[in-house]
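Both complexes below contain chain A, partnered by chain B and then by chain C.
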Partner chain A sequence: MKIESLDECLRISEILELTAVNSAQFQDEVRSALGDSPSVIEINLSQTRFMDSSGLGALFALYRATGKHEGVVLRLLNPMPEIQQLLELTQMQLLFEIVRR
Partner chain B sequence: MAASPLEQVRTATLRIAFEANFASARAASAAIRAFLAEHGVPDKELFPYELCIAEASNNAIQYSEGPSRDLKLVAEALITPVQVELRVTDHTAGFVLKERIPQPSPLADRGRGLFLIQTAMDEVRYIRGAKENILVMRKKRRAIPAAAAIPGQGPADALTLEKCSRQLAESRSQMTKMAEELLLRSETLSSVFRCCAELGRIDTASEGFKGRLFADLLHLTSADWYVLRLISADGTKLLVTATSEPDLSSKPIALPAAGGVPTSIEAVVAVSQKAARFDVRECSDRSEPLRSVGPEGAGLVCPLCFGGERVGTIAVGRRNGDFPLGRLQDDVIGTFAEFLAIQTLNLRRQKEEMRNRVVARELEIAQDIQQLLVPRSLPQLAGFGLAGGWKSAREVGGDFYDAIATGEKSLLLMIADVMGKGVPAALFATEMRGLLRGLAARSSDPAELLCGLNRLLYKDLSSVAMFITAQIVHVDMEGRHLTVASAGHCPPLFVPPGSRSVSMLSIQGLPLGVRPDTVYPRHTARLGTPAALLLHTDGLTEARSPSGVPYGQRRLMAWLKAHTIPGRNATEMRDRLATELNRFRGDSAMADDQAFLLLVEEAAGAAGPASTSETRTRLRRTASPFFANS
Partner chain C sequence: MKTLLICPSARPAVPHFSESGPLATAPILGACVVSHWIEHLAALGARDFHIIAANGWDNVRAAVGDGARWGVRINMIVSGVEPTRDEAVSRYQSKGESEWLPAPDDVVSMSHLPGCPDLPLFESYASWFAALIAWMPRALTPARVRVVEVRPGIWVGSRARISPTAQLIAPCWVGDQVFVNAGAVIGPGAILEDRSVVDSKAHVTQSWIGPETFVGPMTWVANSLAWGSTLIDWRTDSSLCVPDPFLLSSLSRLQSAATTDRFGRALGAQARPEPNLNLITALHVRLDRGSNQKLPG
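This part shows the complex of A and B:
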């Protein structure tokens, strides 16, 4: 996993899986990167091949963690079709912008 | 009681026991995914199964308590052609599985796992036991999508009801079309077979089979008219041979010479041998013969050809212009056209064969007749040899000769040429021979015999405007005396007594069949020693060399003089004369028949009084068609 902070944008990428195995670690790493109070958090899911409900829970936790900061944009980028389906099934699109580009 | 049939299904199963931690659970779900992929579950469908194993395992781990944490969990996958069943065995206290778990709020902390499992699978059961519980998850497999079987194709879309109905309708329509095509083709074949069967029964020249065939053609192609044109024997015209209605018949269409441009549609098709559609409404040529089908007529013109041989054209269509278009329609008409071409060619060949057979039979008859024209054997007198030769320019000649012994020392020789050839001439020749033999029983006077023959033959000959030149010679061996009468025939050649040269007896006389009451004068002459007498037809003297020079009387007389040598026999002389005539003619065609009779004294003085008592008339086979007929 890779986390970059550029201007006010936090970019998280190279996530191969987001599951019960690594969801806690994911939360810890992202939370520690929130110190700069980014206005955009962009999670690139283009390489994420598998995600389970723990992974979804980690995303929800992020929403919760940033929800205090008004106006922060949470963006999920280029999820694979199966992951996109999973996100929609659990209504994550209500909390995150799902963007393809 | 008989056992009911067993339902047997072959399955594949994977069972994985793993430690109760997330990493092992993750490895187990990945292994189940790989197993299912290996057993034919498409890539795009693997995610839900992998997810379900992961969710069930994670739950089992999260809710394990106390010593049960040390127990291994079990994940299993069982795959059949129609279903995938997943099982996860846990050692928790268990829970009550709701029939349907509602969609959790996006803001809920937990509860997504079981919801996802229920959503992904068709059937989920939780079997609670004393020591372990099993979560059973089943999902029907999709009908094997075509895309899975055909590499390189995109994913098969979910088959919606609408799509299914559309596909069904399309399939039905295709089936109907195929059935129609099959029916049309089989009816075409039936028609052709029926026609073939009729060909064996009825006179093929009659319209019967054609009428039936065309009725079938019109029926099968929904046409209401046809025009059949065949190419004329000389290949210059297309002639109307059959039409559905008399008003469609039109004048012959001229076919252009090689390199020329045909103008009418049928001529274009006949020349190009390619079928063409036409529509009178689109035709600007006022002289187009197919305009006769009406101002809105349309149809197809097909060439009749087989094996590269052009036979004609068949035009088929409807007068009101709505002639169906399409490959099938063209194919059906094409099949009929080919069949018609084959039949027409077969008929022509049969007729030709028949003609050839008739000609061959006529030739056989003619050759048999020819054998009758010259005697199979000639009478011979002691000391004299008699030989005859003939050669026809055609199969049946009109030249012939005969020899009749009238006493021990006398002969009647006759040579004749029927003016006219072929079988009728041969028939007169045989008739004349018969008459002569009858008349010779009463008289051996050549003049009387010719008068008699003329009287008897005149009516028949004059009615067909034919005549016969003939010559009759009575030979008295004892007195070496010749009595000759001639009916317009070329003069006989002989060697008179005390002479070394050859003479000819020029005698006037009308041919037989010119006048009913002709009187023939009688001439006499004497034979020298050795005696030689040559009777011949004008075919000998009029024979031409390759440069067109006639053999002539003079040359024939010179030949006879040169070959009248004591002791020479008649057969040898005949052969030499035949060779001489062939040599002279070379490779030029024979213009006329040739026939001759040679009387030769083979032993000088043999016919003298001393030997008379020993002389007997005997028969020798010395007359034959010794010239090879070419």
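This part shows the complex of A and C:
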């Protein structure tokens, strides 16, 4: 997983899977990077081939953590169709902005 | 009167149906494709049925039996490939025989439902769903006593259990022995096949839920075909094996039945039903809490 901070944008990418195995690590690393108070958080899911409820939980935890700061935009970039299906099945697309670039 | 039914062989556009069993036994509104055709043609006077099956003929035989339930005789013909209508006529109909049903019901390719030749079933997942929605008003034949139209455009199996707080929006079909829990929203354009369960506050819209499929609480199934743990978006043909059984899973523990979780078997071992680990964990926590409360006393 790669995390980079550019201006006020936090970009998280190269997530191959987000499951019970790595969701805690994902949360820890993203939380520590949140210290800079970014106004936009972009999670690039273009390489994410597998996600389970723990991965969805990690995204939801991020939503709750950033919910305390008004005006923070959470964006999911280019999810694969299967991941998009999972997001729609759980209505997570209502919490995140899903963007294709 | 005689008639000849041609079972469609594999169709690449609907791999999850094709790879998992004969298309003629795919479940549609409480019966399989071949059953709908036999019922329809029996009503037209057919008594001798010859069914040509290229693959999975034993599954087709298991689905229709000897035809006694419709009061007809069924003869299975095993063929290497699916014949065209003309090939079937030249091969299996003798010239001058008059005991066949009038055309086009003398030879029928079951790639669509009776009376819907312009709605092919197996050209795409979208065409499958469109055909089922169009078929809903026709599916309630006099022979079907276990389904009732409770309100215009809403059909419910007589042994279905629906919570008073669940919402049914026409058109929708709730099959036999289906359980719809509190606050669930079914429809518009929803089909719940027999023995499926839709848990509390789940939404099913513009979707088909296969037999013995569990839709978890607060899960939203839209524009999809769901069977067992497999979810197919019929607009994009994208498919997903849902990893968490509390969202979507097969209720069947027996994989041998012809109509059980065929999508899942097509996807491979991933789709095998698994215990709901989250539920088990939650139960353990609850039990632990219970025991802790008792200890101080």
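Simple rule for what comes next: the second predicted complex is superposed on the first by the 101 of 101 C-alpha atoms of A that agree within 3 Å, B and C clash if a C-alpha of one lies under 4 Å from a C-alpha of the other, contacts with A are read in each partner's own complex, and residues count from 1 in each chain.
As a working rule, a contact is a pair of C-beta atoms (placed from the backbone, for glycine too) under 8 Å apart; a residue touches a chain by one contact, two chains touch by 3 or more.
Everything quoted here is computed from the prediction, not taken from an experiment.
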*Looking at the overlay on chain A, is there a clash between chain B and chain C, or do the two fit?*
clash
_Going by the contact rule set out at the top, does A:Glu29 touch chain B (first), chain C (second), both, or neither?_
neither
*Scan A:Glu4 for contacts with chain B and chain C and give back first, second, both or neither.*
neither
*Any idea whether chain B or chain C touches more of chain A?*
B
*Quick one: classify A:Glu82 as touching chain B (first), chain C (second), both or neither.*
both
*Who does A:Thr90 touch here: chain B (first), chain C (second), both, or neither?*
both
*asked:* Going by the contact rule set out at the top, does A:Phe60 touch chain B (first), chain C (second), both, or neither?
replied: first
*asked:* Touch test for A:Asp52: chain B only (first), chain C only (second), both, or neither?
replied: both
*77-85, 113-121 or 149-157: stretch of chain C that collides with chain B*: 113-121
*Is there a shared patch on chain A that both chain B and chain C touch, and which residues make it up?*
19, 50, 52-53, 81-82, 86, 89-91
*In their shared complex, at which residues does chain A touch chain C?*
19, 50-53, 81-82, 84-86, 88-91
*Considering the complex alone, what residue numbers of chain A touch chain B?*
17, 19-21, 50, 52-54, 56-57, 60, 81-82, 86, 89-92, 94-95
*Can you check the complex and tell me which residues of chain C touch chain A?*
218-222, 224, 231, 233, 236, 238-240, 242-244, 246-248, 278
_So in the complex, the part of chain B that touches chain A is made up of which residues?_
22-23, 25-26, 30, 44, 47, 50-51, 54-55, 58, 61, 103-107, 109-110, 112-113, 115-116, 119
